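Quick heads-up: structures coming right below.
Below, chain A partners chain B and then partners chain C, in two separate complexes.
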Partner chain A sequence: MIRQLLSSNWVSKILAILSAFLFTVLILLAIGAQPLEAYRNILAGSLGKWQKIGEVIRAWLPLVIVTSGLAVTFTAGLWNIGVEGQINMGAILTTFVIRELQEQAVSPSLVVFLAILAGVFGGMLWASLAALLKIYGGISEIFAGLGLNFVADAIILWLIFGPWKRPGIGSMSGTIPFGEQFRLPNLPGWPISIWTILLAVLIVVIVYIVLKGSYFGLRLKAIGRNIRAAFIKGVPTVRHMLMAFMICGLCAGLTGSLQVVSVHFRLVPSIASGYGFLGILVSMLVNYHVLWSLPVAFLFSTLNTGSIQLPMVMKLDASLTGVLQGSLVLFVLLLDGMSKKISRKVKEE
Partner chain B sequence: MNIQIENIRKYFGDVRANDGIDLVIPSGIIQGILGENGAGKSTLMKIISGFIQADSGRILLNGKPVSVSSPSEAIQLGIGMMHQDPMDFPSLNVIDNFLLGQGGKILPDYRASRERFLELQKKFGFRIHPDQLVESLTIGERQQLELLRLLFMGANVLILDEPTTGISTEQKEKIFAALKKLSKDNKTVIFVSHKLEEVEELCDRVAVLRQGKLVGIKEPPYKTSDLVRMMFGKEVKLTERRSCKSEIPRVRLENLYIEGTRMEIQDVNLEVCKGEVIGLAGMEGSGQQLFLRALAGLVRPVSGDIFIDGRRMTGKSYHEFQRMGVDYVPAARLEEGLIRGFSLTDHVILTETQKGFFINKESYQTNVQRKISEFNVHGKPETLVEELSGGNQQRASLALLREPHSVLLLEHPTRGLDIESTIDIWEKLKMYCREGTSIFFNSADLEEIMRYSDHILVFFSGRVSVPLRAEGISVDQLGQMIGGKNLEVMK
Partner chain C sequence: MDSTLLVSIAGILSLAAPLIFAVIGETLTEKSGIINLSVNGTILLAAMSSFVVATSTNNLPLGFFIGGVIGMLVAMIVAFSSISLKQSQVAIGFVLTLLCRDLAYFLGNPFMGNPGIRVPHSPIPLLSEIPILGTIFFNQNILVYASYVLIFMAYLWIYKTRPGLILQGIGEKPIAAYVRGMDVNKLRYLYTAIGGFLVGLAGPMYSLSVKVGWKGSISGLDGLGWIVLAITIFGAWNPLRAALGVYLFVFLQWLGLVLQPYLADFPSQVLQVAPFPLMIMTLLLVNIGNMEWVEKILSASPELVRRGVKKIIRIVRSSPPASLGVPFEKE
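For the complex of A and B:
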C-alpha cells in the first residue's frame, strides 16, 4: 500500500516539498532562528502588500521567459548553462543601441524597439556560440556555456568601468540611467510594464504549443531522448540543436533586454541576477513542462522577494531562500528517482 | 565446485525469461547450455553470476544456499562470467586489466601479478604481451585475458556466454583446449551457445532451454536431430526459397574502399539488381557492419563510388541517401534504432514527411495500425517501445521503416526472433523485394543467409568474397570461407 502510494508521481512531489521545508526548518533551528517567524517574514515581505505582490510579479515574468526558453533546450537534451551569459549579452546590446541612438533624432519608441531587437540578437549570438562549440568543437555545452558566462560578465564590468563609465569614475552602480522616454511605461500603480506581460504570455503560449504539438517539438524530443537513433531515423540533428539553442538564446536575450528597459534603465553588473540559474532549477523541478513552470517560478519569485526582509527583520541572511530552492530541487529529483524505482518494482510484481 | 539451481524464475513484464529452472552441475564437467536466441540462457547465466537477481528460486554452491546479489559477490564465491562482448578497458594495458577487481590492498603488487599472469598464460598456451594495450588485441585475445583474470580472481565456476562469436577458428580451438584443461582441474565450466556443433564438440553434458524452461538434458553421443527438436519444440518446416530478383540494376559499387576504426575493406565491385537480396556472412565484426554503414551513407568511403539507381551517391550525407529510399536498421535496437519514451505512433510521425507545422495524430492512426498488424507487433499504436519485448522491438524496427524504400540495409533482421516469426518477417521482406526493393542483410545464422539471399558475400577480417550464388552452396563450404579457407576475394 505504502509502496503503491510512493510510486505515484504526485505523492513523491508533495513529499519532496515537505522534505525541503523540513530540511530548511532544521537548518534554521540549528542556527538558533525561529523557523515559523522566518517563513512568516518571507510571506509578509512578498505577498503581504499589493506593492510587494507587484515586486513578486516583476521578478516572476523574466523568470517565466527564461524558463520557457530553457524548456526548449532541455527537451533536446541540452544543458544550456550559458543562459545567464545570454541574458547579460541581451542587456549589453540593448544598452548599446540606446546609448548610440539616444542623442539622435530617432523616435524613442523606435529606439526601444530596436534596442530590444538587439538584445534578442545578443542572446541568440551568445547561445549560438555555445551551440557551435558543442556541435563542431566537441565541447560540452555545459562547459562552453560556463565559460561564456564568465566572458559576458567580464564584458559588462569592462564596459561599466571602461568605455561606458559614468563621467569621472566608474562605479558598481552601473552606467548612466537613460531618460524616461527610453523606459517601457509601467501599468499605473504597478512596477510592471504591460509589454513585459504580453511578451511573457506570448512566449509561454508559443513554446508550449510548439513543444506539445509540432513536428519540430517531436524531433527535439527525439534528439533529447536518443540523439543517435533520431539521426538514424532521419532527423537533421545539427540543425535542430542549433535552433533549440537559438530559441533559448532569444528568450534569454529578451529577458536581459527587458531588465534594462523596464527595471534598471541602465547596465549594471551581473544584470542577469541569477535568473538563468534560477530558471534551470525551475525547469528541472517541473521536468521541463512549460505550464507547470509558471506556478513554480511564481513560488521561487515569492521566496526571493520575501527573503529581502530577513536580514533587516531577523538578522538572517537572505540566502536562506537559496537553500530552500536548492534543497527543493534536490529532494524532488531524489524522490522522483525513488518513486520511479518503486513503481518499476510494483509493475514487475 | 558443485552448483545447483532450484526453481529459478525471472519475468520481464509478461515475458517469462526463466520459468522455474532446476539444474545441478557437478564440478569437473563442461556443461553446455543450448537454446535459440531468447530461450533464457543469458538471463539464467546473469542470475548465477549476480548481474541480475531472480524473482524467486535458490542457488546452492556445494549444497549451501548462497545469495549472489552482485558480480563482485559472485567472484568472491568463485563464480566468474565471461560475457559475449568483452567487458574490459581497451585503453588500459593487459596487466592493468588483469589486476582489475583485485581487492584488499591500496597498491597493486605488479611484480607478483605479472609473474602470475605469465605463469597462467603459459599453462594455457596463450601468447599475450602484458604491456600491450587491450585495444590492440583481437577479440579472441581479449577473451583469453578475461579468462586468465577470472582464474586469477579465484573463479571455480566459469560461465562463458557465446564465447565463439567473432573469433577465429584458431582462437576457438585455443579457448576450447583451455576449457578442457580447466575441467580436468576440477573446475566447473558452463558453456552457453546456440551453435550445435560447438556444444557437441566440447560439452560433457547439454541442457536445452526453450522459452524459459529446461526441456531436457542430454549426454554424449549426441543426436543432432534430437537437440534441434528440443531447441525448437518441433520439426521446423521452412518455406521454399524463391527469388524476386529482376534484371534492372539498383546499386552499383565501384572499387569501393572503406576504412573503419580497426578495419579496412578494399576493392569492392558489385552490381545488385532490383529485388535482389544480398546476405553478408562472416564472423561478427569482420566488416559487415562497416560495409552496411557505408552503403547507408553513415561512413564515407575513402575512395571508389556508390551508385544508387544510376545516381552517384559517393560522399553524400546519410540523409541524402535516405531521400533516395535507402533505409538502415541497426542491430542495437534501443541504442540506435528506437527512441525510449516514444510510442510506435511517435516513431512513424518522426520518419514520415512533415505535413504542415502541427501534428495531427489522428491522421496517422490507420497507417500505424496497418504497420503493426502487418509485422505482427504485439503492441498498440500508443505503446512505448521500451515496453515491447525484444522480439517485438525487432519487429517494430522493421515495421517502422519509412516507405517507399529502394534499398534496405538490415543488421541481424531476425535476431531474437523464433523461427516462425523469422519466416513471417521474411515473407514480408520478400514482398518488398517483389516491389523492387533490394536488401542487404547480415546474420549470425548461416541457414538464414543461405535460404533468403540471392547472392552471398563472405567477410573475413575486412576481405570480401566474390558474390556467391546462394543456391547450391553448402553450410560446410560457407563455414570454411567464414574461417578464411578457400575464400575467393574480390578484385
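For the complex of A and C:
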C-alpha cells in the first residue's frame, strides 16, 4: 500500500516540495534565523501589496519567455546553458540600435521595433555559435554555452566602462538611460507593458503548438530520446538541433531586449539577472512542459521578488531563494527517481 | 637565473595545487564512467565551510577534512541519483552546482571578510637548497608537495596497477568487467566518492592557502569549477596530461597579470574572461579530430597534408571513456 502510494507521481512531487521546505527551514535554523519570519517576509515582499504583485509579474513574463525557449532545446535533449549569454547579447544589440538611432530623424516607435529585432538577432547569433561549436566542433553545448556566457558578460562590462561609458567616468550603474520615447509604455498603474504581455502570450502559444502538434516538434522529441535512432530513421538531426538552438536564442534575445526597453532603459552589468539559469531550473522541474512552466515560473518569480528585502529586513543573504529553488529541483529529481524505482519493483512482483 | 623569475615559477606551482586536486579527482570519477558536474558549486561550498570551521576551531587539518567530506557528500548524491535511481547525471550535477553555490553564499554571509588562518610555508630541508630547482619545487607549503605526489600516484594507480586496470575497464566496457566478476556500480560509487573528496579539498586549498578568507560572491572562485571540468577533457583523462593542462592554464593566467600594465589600452574585463574563450579553443583543438567532416576533408586532401594533420590530431586528440555518462545495466 505505502509502496504503491510512493510510486505515484503526485505523491512524490508533494513529498519533494515538503522536503525542500524542510531543508530550507533547517538551513535557516542553522544560521540562527527564524524560518517562519523569513517566509513571511518573502510573502509580504512579493504578494503583500498590489505594487509588489506588479513587480512579481514584471519578473514572471521574461522568465516565461526564456523557459518557453528552453522547452524547445530540452525537448531535443540539448542543455542550452548558454541561454544567459544569449539574453545578454539580446540586450547589447538592442542598446546598440537605440544608441545609434536615437539622434536620427527616425520615429521612436520604429527605433524600438528595430531595436527589439536586433536583440532577437543577437540572441540567435549567440545561440548559433554554441550550436555550431557543438555540431561541427564536437564541444559539449554545456561548455560552449558556459564559455560564451562569460564572454557576453565581459562584453557588457567592456562596453559600459569603455566605448559606451557615461560622460566622465563609467560606473556599474550602466550606460546613460534613454529618453522616455524609447521606452515601452506601461499599463496605467502597473510596472508592465502591454507589449511584454502580448509577446509572452504569443511565444507560449507558438512554442506549445510547435512542440505538441507539429512534425517539427515530433522530430525534436525523437532526437531528444535517441539521436542516433532519429538519424537512422532519416531525421535531419543537424538542421533540427540548429533550429532548436535558434528558437531558444530568439526567446532569450527577446528577453534581453525587453529588459532594456521596458525595465532598465539602458545596458547594465549582468542584465540577464539569472533568468537563464532560473529558466533551466523551472524547465527541469516541470519536465519541459510549457504550460506547467507558467505556474512554476510564477512561484519562482514570487520567491525572487520577495527575497529582495531579506538583506535589509533580516540581514539574510538573498541567495536564500536560490537555496529553496535549487533544493526543490534536487528533491523533485531524487524523489521522482525513487518513485520510478519503487514502481518498477511493484511491477516486477 | 633571475631570482624573481624563479619565485614566479614557484608561484605558478602553488596556484596550480588546488586545481591539480580537483582535476585529478574529476579524472578518477569520470574514468569510472560517472560525470560529476557539480564541481563549481562543490568547490565554493567546501571553501566556505572549511574556512569557517578552520578559523573558528583554529584547526587547519579539521578544515581540510571538512572540505573533503563536503565534496564527498555532494558526489554521493550524484552517484546515488545516477547509479541507483538512473536519473540524468547532467541534470543532478547542474542542480547541485547551483544549489551548493547558493548555500555557500547564504551560509557564509555572516563570516564574510573575517580574518583567516593560512597553511604555513614549509621549505623542505636540504632539497630546498638545491640551486634553481630547490627554489621552484621545494620552497613551498605542504599542499604543493602533496599535489606533486597526487599526480604521480594517480597516474601509477590508473595505468600500472590491477585496480587501475579495473577502473579503466568499468569506464570503457563495464559489461566485460561485470562478466569478470567486478561489481561495476559499487566501484563507480567508490571512485565518485574518492574523486569528490579530492574536488572538495580544492575548496580549503583556496580559502586557507591560495586566496585566504571568504568574501562571498566576490571571492573570485566562481567559474573555476567549470575550468576544472574543461581541463579534465583537455587532459584526455590521463593525470599527467591533466596536470600539464593545469600548469598551462595557471601560466597563462599569470602571464595575463604580468602583461596587464603593458596592455593599458586593453580593457581589464577582457583579460579576466580570457580563460573561457581559451577553454573553448582548447576543447575545439582536442575534439575536432573526432569529427566526421574533418575526416572527409582530410581524405580528399593530398597525402602529405593528410599525414601531417593526422599526426597532429593524434597527439592532441582526446576521447572520453567509452561509457562515460552511460548507466550500467546488468542485462
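In the analysis below, the second predicted complex is superposed on the first by the 349 of 349 C-alpha atoms of A that agree within 3 Å, B and C clash if a C-alpha of one lies under 4 Å from a C-alpha of the other, contacts with A are read in each partner's own complex, and residues count from 1 in each chain.
Simple rule for what comes next: contacts are C-beta pairs under 8 Å (C-beta built on N, C-alpha and C of every residue); 3 or more make two chains touch, one makes a residue touch a chain.
Remember, it's a predicted structure, so these values are computed and weren't measured experimentally.
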| item | value |
| --- | --- |
| Touching partner for A:V329 - first (chain B), second (chain C), both, neither | second |
| First (chain B), second (chain C), both or neither touched by A:V296 | neither |
| First (chain B), second (chain C), both or neither touched by A:A118 | neither |
| Touched partner set for A:L93, first chain B, second chain C, both or neither | neither |
| A:Y215 touches, of chain B and chain C: first, second, both or neither? | first |
| Contacts of A:V64 with chain B and chain C, given as first, second, both or neither | neither |
| First (chain B), second (chain C), both or neither touched by A:L267 | neither |
| Partner chain(s) touched by A:V56 [first = chain B, second = chain C, both, neither] | neither |
| Chain B or chain C, by number of chain A residues touched | C |
| Chain B residues within the chain A interface of the complex | 11-13, 55, 318-319, 322, 328, 330, 335-342, 346-347, 349-351, 354, 357-359, 402 |
| Residue numbers on chain C that touch chain A, as the complex places them | 37, 77, 80-81, 84-87, 90-92, 94-96, 98-99, 101-103, 105-107, 109-110, 216, 223, 226, 229-230, 233, 267, 269-270, 272-273, 276-277, 279-280, 283-284, 287-288, 290-291, 293 |
| Complex contacts: residues of chain A adjacent to chain B | 209, 213-216, 218-219, 221-222, 225-226, 228-236, 347-348 |
| Touching residues on chain A, where the partner in the complex is chain C | 27, 30-31, 79, 81, 133, 136-139, 142-144, 146-148, 150-151, 153-154, 157-158, 161-162, 277, 280-281, 284, 316-317, 319-320, 322-323, 326-327, 329-330, 333-334, 336-338, 340-341 |
